[in-house]
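What follows is a set of structures to go through.
In what comes next, subunit A is part of two complexes: it sits with subunit B in the first one and with subunit C in the second one.
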Partner chain A sequence: MRHRFSDKTELHALGRRVLPYAMLSPAVLVTLAIVFFPMLQTTWMSLHEYILFRPNDFHWVGLGNFKAALNDEVFWISFGHTLIWMGITIPAQLLLGLTTALLLNQNFPWRPIARALIIIPWALPSVIIALMWVWIYDSNYGVANEFLLRLGIVQKAVPWLANPDTALASIILTLTWQGFPFFAVMILAGLQSIPHSHYEAASIDGASQLRQFWHITLPGISGVVVTAVLLRLIWVANSFDVIFVMTGGGPGYSTYTLPLYAFIKARTNLDFGYGSAIAVLFTLLLMVFVIFYLRRMRRMI
Partner chain B sequence: MRLVRHIAAASAFAMIAGAAGAESNVRFWYHFDNADNPIDDLVAKFEATNPDISIEAENIPWNSYYDQLYTSIVGGNAPDTAMVKLFAQPRLIELGALAPIDDMLAEWDDANNLQEGLLDLVKGGDGNQYYMPVQYVALYLYYRPDMFAELGLQVPTTCDEFHDVAKSLTRDTDGDGQIDVYGFGFRGAKGGHDHWATFTLGAEGVSLTEGLTSDAGVAGTQFVADLFQKDGVFPPSAPNDGFQEIIGAFKSGRTAMTIHHIGSANGMVEALGDNVSAAPVPACGGGQWTAFGDESTAVLSGAEDKEAAFKWIAFLSSEGNNTLFNQATGQLPVVKADAANWTLHPKRFVDATINSLEAAQLLPASPATSDFVNTVWPTNMQRVLIGEITAEEMNANIELLFTE
Partner chain C sequence: MAVGRSGFWKRILTVDMPMVLILLFALGPYFWMFVTSVSQESVLFTTGPSLVNATLENYVRLFETIGFADNLIDSFLVASGTVAVGLSLSVTAAYAFSRFDFRAKRLLMTQFLVINMFPLVLLILPLFILMRWLGLLDTHLALIAANSTIAIPFSIWMMVSYINGIPKSLDEAAMTDGCSRLQALRRVILPLCLPGIVATGIYIFITSWNEYLYALTLGGREVRPITVAVQTLIGEYEVQWGLLSAGGIIGAMPAAVLFLLVQKRLISGLTQGAVKG
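On to the complex of A and B.
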């Protein structure tokens, strides 16, 4: 009798150990198939000369593509733009998102409607956003120029996307607009999880609004912010759809970023070997950056 | 009992008919800008006369048409037939993606109805026939007769005249200190190589494969750069302007001239009425160069039923059907009888096309041409226009592409 009882517990324990793996395995298998397998394939292709319209001429070149990339002027131009792209877009989205969240956390009439409206840029497909902003920036009919001309801020219509000095900045503005609702919603959720009693206690102690923000609000949302920044970092770094639709990388190489360059090389020039090499290099760079970020942030929280 | 037998016979017949109906399925890829998309009528007409073949026609957006076609071929999911341009033929042959149609063409009765010389023009570099012509255009100069009359200008026939006319047409019409009309709408984005080629490749001894870095070759590119940077006769957005932008700007009166083909004529007439006309492009550097815009259909080597696929593409290039097809694309028919009865464009645009044919050229039949069209030309031209590189450097980059 006793023996049977212990059998049952053992079985139960085994079940408990196996169950998580059994439950996870479908997701893991799918991830392996659609993420890891293509990643391995990309790495494999990056070590070969592989031009799609010469399928029989697939030969090993070792690190040749990587060497070529590091000596490629366009690679470094794109790399520089990627840094500017990430360095401005993410802080701008974060700041705008934080401000919006703080505003939305106040009590005011129609607050639910304002909260719903704010999510619109985030909910729109990137291609629609890109096309919409192309028309906003248009130098002949665009509202941006019309507005600035009427206010007397510019003297003649500016070709925002055709001018190499303003093209990248214009796209960064578009992406900031698209991405800030994500921060706003995440931070708003964080703000609402801070117990109100903390603020009451602080104000009884005579803490100013600024001090309350610094010592209660910021620590209260830091976990959310770190995660949100990490997610955005990866998304913004990889996103090129908006650039692709708005300028296709032009004029010249003015709005090339590394993912866009990899895409154009592989998909338009059909040079999959070289395109893959750029993609692998970019993944490594992003990985280093993410690890560095996570280490720093772990220390800060 | 008799009734039962009838029903049995009827169902047997229906089964056979059903099976026959599913005998062959032909997938066709095409690209139409036309939102009405009258391909359904053509498919219905074809299926009515060929009940054993069903057509699955798919409209692929033009901007990524070739990207999708090449990847579908390599990925093993290519259509059975597709609309194709000549510049892609060398690459498609290299891929082994095309099925020769010589034998089927020899048995096709309507081959003689095609306009003379067209089949030869689209012959593959290896001597096989892969392409079936379906429509054609030649690029010409669109201009605003009302603006020319107002300023007492003549349609330019040389680049020197073009330069002066474009400068005169660039003006501030309402006196607010802003330029309202630009002389020429230049296409600096993908697809604009035809504009540049008119100004550059007309010169003696200059083509994409030779003489591009000679003085005459560089002078052409420099001419384009100067028109933008020094004379300011292109709208400031020119480096990024594509098809939509140049056509839109011309229709709205923002530009007084541009280069395109008859495909946009009806839209222009709708917007401008009699205030739009066309003429052959100016001769630059001593010779005239304009692009022959071809479009053919082809059977792909992966097609299961090549006979059925050929029947479909032959149908599109036969009398009457070719008119329907070109109604959709706004281009010109390749069938003699259809061309003779052509009334879908105002005559002045058909005349301008025919008068341009003499100078119409094709891009070189080289695998490098795709890269030239898709990336090398647009990036280099844009860099010249924004002053990042010189005209010499651009021409050297193109020469390098074709000699590699």
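On to the complex of A and C.
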């Protein structure tokens, strides 16, 4: 009798130790299959010469693809655009998002409607966003040109996406439009977590609105802002579909970015080896931000 | 009274007006697309789109000649399949993360966080080769698998935050009453976080519905979700903007409506971590 009892508790103890792993294994196994295995495969491909229409010609080139990339002018052009693209898009989204959040945090009768509608750009499919803006930017019939012509800001219609000087800027405006609602809702949540009593205390002490903003609001939302910026950086960096649809990288190389370059290399030239190498390089660059983000999230885990 | 009135005007000037401007910026392009979609194709290049003489011609053409209904079905199947995979795999995983302490917990949780941040371009090339090798190119299954790379980690993180919100004492009480762990999960935890599950499911649905690059690379002739279908309306020489914007309006509708329905719960789930951090 005693023997059976201890058996049972042992079994229980074992069960308790195994159970969490058993509950996790389906998710872990599937992600191994569809994320980690492909990721390793990319790394593996990047060390080979591999062109899809010559399947038998898969040979080891070591770091050859990486060396080629570093000597590739288009790689550096794409790298530069990636920096400009991220360096302008994210701050623009943040500023517009912060302004929107501060407005939405005020009291006005139609606030719930405004709050619901502001999210729309973020919820739309990227392709549709991209196509919509291609139509807006259209050089002959686009509403952007018509609008600016009427206001007298431009003298004649500008081919926004066909001109190498304006193409990247036009895309950045589109991306800003798409992403600022995300900042707005995140920052709004941060604003609402600041206790009202802080502002009341500050008013009693005679602090001006500006000082209140500087000493209460900003510190109160800084955590959300940093997290949102990191998340957004990583997401924006990953999403090249808008650029792909709007210009496909053109005219010339004027809107090439690193992920787009990797994708085009593989898709158009079927050069999977070189494309993978660029993808790996880009991922390594991005890892810097991912590590920052992980360190912040650490506290939560 | 005088103070009240000047306060009112001040509010209009500093809050309402800027808000209206921002909303115009946010909604203007979508509105413009709508106007384009109800204009006759022939008008677009002469007088420009307008609401005068609005017509549903483009929408009719979209379904009758382009066969847009098939694309909608494809999108629906892929998105629902991804929701099923994402939710079913993540519920037990999230429960384990929330309720147990085990050695690999930190590592595994970090792993699911990192997956979410891998550039899509890193995965899209090998997934293409993998699906070609498995003979799954141009099937719904391939797109569901690809979308799950994002859906699984995302829903695990959302579910963990929802389950964390349910007191541990509840499953312990159920277990003292004779339930096993899994029974406690099914009878106590799942019903309680049902709203969270629904919100997560809807979010996965939206992202899969909106997804384009996987659909373009792994789909093709047989399986062509709306995002790809809309893009193929761009011809070699001319673009039928009326038709295209009608497709855009319809393609964007489900995502926009669903988002409005669940946005409160979703945003609270998304920001919970961020606000604390």
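Worth pointing out:
Keep this in mind: the second predicted complex is superposed on the first by the 258 of 301 C-alpha atoms of A that agree within 3 Å, B and C clash if a C-alpha of one lies under 4 Å from a C-alpha of the other, contacts with A are read in each partner's own complex, and residues count from 1 in each chain.
One rule holds in what follows: a residue touches a chain if its C-beta (ideal position, glycine included) is under 8 Å from a C-beta of that chain, and two chains touch if they have at least 3 such contacts.
Note that this is a predicted model, so its numbers are computed, not measured.
Of the two partner chains, subunit B is the only one that A:Gly250 touches; subunit C does not reach it.
Of the two partner chains placed by the overlay, only subunit C lies in contact with A:Pro121; subunit B stays clear of it. Once the two complexes are laid over each other on the shared chain, residue contacts for A:Arg267 go to subunit B and to subunit C alike.
Within the superposed three-chain model, A:Phe282 lies in touch with subunit C and out of touch with subunit B [touch as defined at top].
With both structures placed on the common chain, the touch criterion links A:Asp241 to subunit C but leaves subunit B unconnected.
Within the superposed three-chain model, A:Gln106 lies in touch with subunit C and out of touch with subunit B [touch as defined at top]. In the superposition on chain A, A:Glu49 contacts neither subunit B nor subunit C. Legend: residue contacts after superposition of the two complexes on their common chain; A:Ala157 is shown touching subunit B, with no touch to subunit C. In the superposed three-chain model, the partner touching more residues of subunit A is C, compared with the other of subunit B and subunit C. In the superposition on chain A, contact of A:Asp72 is made with neither subunit B nor subunit C. Comparing which residues of subunit A touch subunit B with which touch subunit C, the overlap comprises 140-141, 267. Within the complex formed with subunit B, the residues of subunit A that make contact are 52-55, 138-141, 155-159, 161-164, 247-254, 264, 267-270. Residues of subunit B that touch subunit A in their complex: 67, 70-71, 74, 91, 94-95, 177-179, 188-190, 235-241, 248-249, 252, 254, 367, 371, 374-375, 378-379, 382-383, 385-386, 388-389.
Residue ranges of subunit A in contact with subunit C, taken from their complex: 17, 19-21, 23-24, 26-28, 30-31, 34-35, 37-39, 41-42, 45, 96, 99-100, 103-104, 106, 108, 114, 116-129, 131-133, 135-136, 140-141, 143, 146, 177, 180-181, 185-186, 189-190, 193, 223-224, 226-228, 231, 234, 237-241, 244-245, 259, 262-263, 266-267, 272, 275-276, 279-280, 282-283, 286, 290, 293-294, 296-297, 299-301.
Considering their complex, residues 11, 15-16, 18-19, 22-23, 25-27, 29-30, 32-33, 36, 44-45, 48, 85, 88-90, 92-93, 95-97, 100, 102, 104-106, 108-115, 117-127, 129-130, 145-146, 148-149, 152-153, 156, 181, 206, 209-213, 217, 226-228, 230-231, 234, 239, 241, 244-245, 248, 251-252, 255-256, 258-260, 263, 267-268, 270-271, 273-277 of subunit C touch subunit A.
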